[in-house]
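Alright, structures below, take your time with them.
The same chain A turns up in both complexes below, where it pairs with chain B and then with chain C.
Right after this comes the complex of A and B.
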């Protein structure tokens, strides 16, 4: 795998694509947080006519299709100019004509792209040598890059990174609290301008390896993946940059290793998307899988506590049959059986056949839950002035949530009451209440 | 077939020849088999323009054009898979093979892609809690990338995907007219039947819900119509430029009127006019400069110019109160 970085033919595409995608990841984070991810989609298509204008201009000035480096700079400038023009058009449509941003983005995307196709057909018939160059920018083709590109793209990544580093505080502020930024005198318009130049640059850099059609994915996917792992702006920037670079590498790797000559752009995008989907599913804290596990755990705990409470209510030493419990809890048998098993393992429940009884530990635990329930009812009636007939439902939920600290606070606040609003006795506190 | 009568015509001669041809068709001296390539292009492009204007009006008013953009990307995967599963030669997507079109397969592909795209985007937003712009951006780019990879693997050629996004009007055959006009008829009938419902769910979704019309159901129906329109258009103008047909005429017309009926008819007029001028210009460039430019590109450019013209009219002429 290391030869991707050392081999004279492979190192330029690999490193070039990695730098490009890293730059896109960096800029993508800011626009992801501003909820403007689709701006990149419009601007990358708007760069297409510029690519071709650059080629036409280079051809008019007498460059040949073999002078890659100078041709590339023409293409980059052309793409930069039309993408910027697209940006201004969108800005004008949205602010001056009050066209909704969604329609404005779509219009600019399609019109600029159409003009690009028109120009491309012109190149195809008049400057046939250059047509291959034009095609490359549609889906991206890293394979034909030479060492000079490593330098160009490393420099561009460095410039983008430096600008973000320099304006880090300001960008953070205008992204998260625009109004505050304005009141303390931060030039938001100027910073917006810089951000727009950054996104246009990132797109212009990226289209060589990913292509205009798919460029927007590289602005979205690394940022969305990074968001799953962190709440910090700075860490998110670094993570997105890393994820971008990894996708750049994997895209190159798969486009070569899979045997069929696959275009690089789609492979890079698929790598980035795969990382993003995995992050959405499995990331700790925010991942869907963990969320589901957490929900299931809480649900199971609630039901276990309800079972303890139900048996406790039946009276000291009474116990309940499985059928009886099923009626009381009202759930499916599988879930009930699982929770009964958990309760037995924890030592809160014993059973003889299908007859369940609480252990001494279980009695304490059940009493504590009932105590929380009734304390909360007292609190609602005495302090929030709710009617005694309305408080049961809220207490049914709170009994599972109240922590020992809160229980202590409530006991102090309510002066350790002995009865709840329905004149039911509240089980005594598990701690000394002498200080009340 | 005899010589193309438009051969050697410049921009104005095109319209002279066109007028005489129409007279010919109207009086019955010319029949279906006498259609030449310019007229096929014009018919297909106008049909696409009319379909797009019909669905585009509601898309723009519902602020859902980006979902149309998403569908225009994902439809590539749908089309490729449709060809793959109907065991047809994938190269015939490009129109080189014979019997290139299998209309029911294409329409089913459109149906599935439209619903799947809308559903996936919604699923990522609601169930996986990804913000809306990001989930739209992520879904369609991923599916589009998959589409390109599938095309490449199935045809073993890296360049075959280009025509799907650029279109190729010159490869159109008479059979393409059928598909386009079938879809136009479908769109017209659906819009005509559900006009009130579309109007209601567009302008007051809350009231529509209260009256028992499912706004979401009509969203999905609209998505299906959009994907059918894109399927009809992809051979002629490619999956991306059809977006210009969907948005540009509607936004141009939107500058001129606030009435829904007028908006629809004006948008159709803009689209058809642009198609006519575009085809004429393409012929003009071929005759005068020997340049075979992409007709689809020209039509989109004309749409842009028409929009700009309307914009100047809107900005610099004294505003009338009644529009």
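Right after this comes the complex of A and C.
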């Protein structure tokens, strides 16, 4: 695997793509948090006509298609200029013509890309030698990059990293709360300008390796994946940078190791997308799997509390048989058996055979649940004016959710009521109510 | 007499729709001012225009006789809670530290003293225990308190708060009100966009009654009258509103 970094043919695409994707990941975080991810997509497409105009201009000035370095600089400048033109057009549409942001972005994306395609077909027939160059920028061609690109991309990463480091606290503030930033004298427009130059630079320089069509994925995917793992702006930036770099490497790795020769650009994007997808599924706390586990746990807790409540309602010391509970709870017996087992293990229930009784702790807990249920009913009826017959359903849910703080507040607000709207007694508060 | 805030002939339009018409008022130092009016009366716009967030069509705003630029640092702003994304990846303390970013200037990081100040003001709004929490985990009232702590970090002379009591719990309302009274006692001037007419009597000592135009501005005891309320919230105003909207549509060729 190390030879990807040393081999004279492999090292430029590998290192180049890693630096480029790291830089894109950094800029991407800010635009992701600004909820402007689509901007990257529009701008990368807006860069395409510039690529071709650069090629045409170079051809007109008499450069040959073999002078790679000069041709590249023409292309980069062309792309930079039309991407900026795209940015200003979007700004004009949004602010002057009052067109909604999504519509403005789509319009500019399609318009500029359409012009690009038109110009490309012109190049295909009149400047046939140059057409190959034009194609490279459409889907990217990391494999043909030379060592100079390691330098270019390292410089890009360095500049973007340094600028974000310098303006870290300002970028954080204008992304979170722009109006406030303005009132404390932060130069928001100047900083916006810098951010736009950063994103345009990252896109324009990046399209050589992944192409205009896929470039925006490199801005969004690392940021979206990083967001799953952290709640800190600084860590999110570092993580996105790392995820970008890893995607850059994996793209190169898979494009070669999978046997058939696959294009590198799409492989980089697919790697980033795969990482993002895995993060969304499995990241701790925010991942979908984690949420499913939490939902299941909550569901189980609800049923356990319902069991306690059901036995409590039957009266002091009465207890209930398994058959009886099945009828009361109405669920599949595996789930019921599991929850009964949990209740016994945790000391809320005891049983003799199939006959279940509450422990003293279980009685307290059941009374607390019933208390929350009935307090909530009183609140709905007295304060929200709901009919007494309609409140049971909501209370069935809220009894499992209300926190001790909310219970205190309810008690205070309702002046510790003794009866619910159905004239049922409310079990007493577990804390002295005089002080609340 | 030097006024904390003096507004002269302020007109604000959104596009072609007038939002504020010819507002002139002067508020002396050390008042606790309630800004009252129905929805769409331009209460928030008045604050935003004073803070330079909205560009007025005409008119001038002065703080202690100076324009905002010459008095940056003497004004602190608490925006409406809903204007920001509370899922943003920062902690409560980091959010409060933002109150010092203006004073720190470009390139400078918050220092230990700033962090100590953040904790001090978090304690004042009874949120110190939440300093290391993610802001996404806060309730509405807690979010509001953190926002106020951020403004306190600026240690300004004038505070503008946009609906700080909307959607907050009783405890928060009490904490905020205690703070406002404390600021008032220290001689600060506080402007509060307010909705709940029941509490105006006990909360403020000055009022600004607004409904696109200025209905009344002055000592609460003199100007918070049934007549003024009628003029501010009464139905007569909706006719004006309708007419303005109609005129705007006609002018722009949409009708």
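By definition in this document, the second predicted complex is superposed on the first by the 339 of 436 C-alpha atoms of A that agree within 3 Å, B and C clash if a C-alpha of one lies under 4 Å from a C-alpha of the other, contacts with A are read in each partner's own complex, and residues count from 1 in each chain.
Criterion: a contact is a pair of C-beta atoms (placed from the backbone, for glycine too) under 8 Å apart; a residue touches a chain by one contact, two chains touch by 3 or more.
In this text, all values refer to a predicted model and were calculated from it rather than measured experimentally.
Q: For the overlaid complexes, name the partner, chain B or chain C, with more touching residues on chain A.
A: For chain A, the partner with the higher number of touched residues is B.
Q: For A:120, using the defined touch cut-off, is the partner it touches chain B, chain C, both, or neither? Pick first, second, both or neither.
A: first
Q: With both complexes overlaid on chain A, does A:217 touch chain B (first), chain C (second), both or neither?
A: So A:217 only meets chain B here.
Q: Which of the two partners, first being chain B and second being chain C, lies in contact with A:280: first, second, both, or neither?
A: In the superposition, A:280 touches chain B alone.
Q: Kindly classify A:173 by the partners it touches after superposition: chain B alone (first), chain C alone (second), both, or neither?
A: In the superposition, A:173 touches chain C alone.
Q: Touch check for A:99: first (chain B), second (chain C), both, or neither?
A: A:99: touches chain B, not chain C.
Q: Same chain A residues contacting chain B and chain C, which ones?
A: After superposing on chain A, chain A residues 35 contact both chain B and chain C.
Q: Along chain B, where are the residues that touch chain A in the complex?
A: It is residues 60, 63-66, 68-69, 73, 124, 127-128, 130-134, 136-138, 141-142, 144-146, 148-149, 152-153, 156, 158-159, 161-162, 165-167, 238, 240-248, 251, 254-255, 291-294, 296-301, 303-304, 307, 311 of chain B that touch chain A.
Q: For the complex, which residues does chain A have touching chain B?
A: It is residues 32, 35-38, 40-41, 45, 97, 99-100, 102-103, 105-107, 109-111, 113-122, 125-126, 135, 138-139, 213-214, 216-217, 219-221, 223-224, 260-263, 265-267, 269-270, 273, 276, 280, 288 of chain A that touch chain B.
Q: Sort out for me which residues of chain C touch chain A in the complex.
A: 15, 48, 51-53, 72-73, 75-77, 79, 83-85, 88-91, 94-95, 98-99, 101-104, 106-107, 109-110, 134, 136, 150, 154, 169-171
Q: Within their complex, state which residues of chain A touch chain C.
A: That would be residues 33, 35, 98, 166-167, 169-170, 172-173, 175-177, 179-186, 227, 230-233, 236, 409, 413 of chain A.
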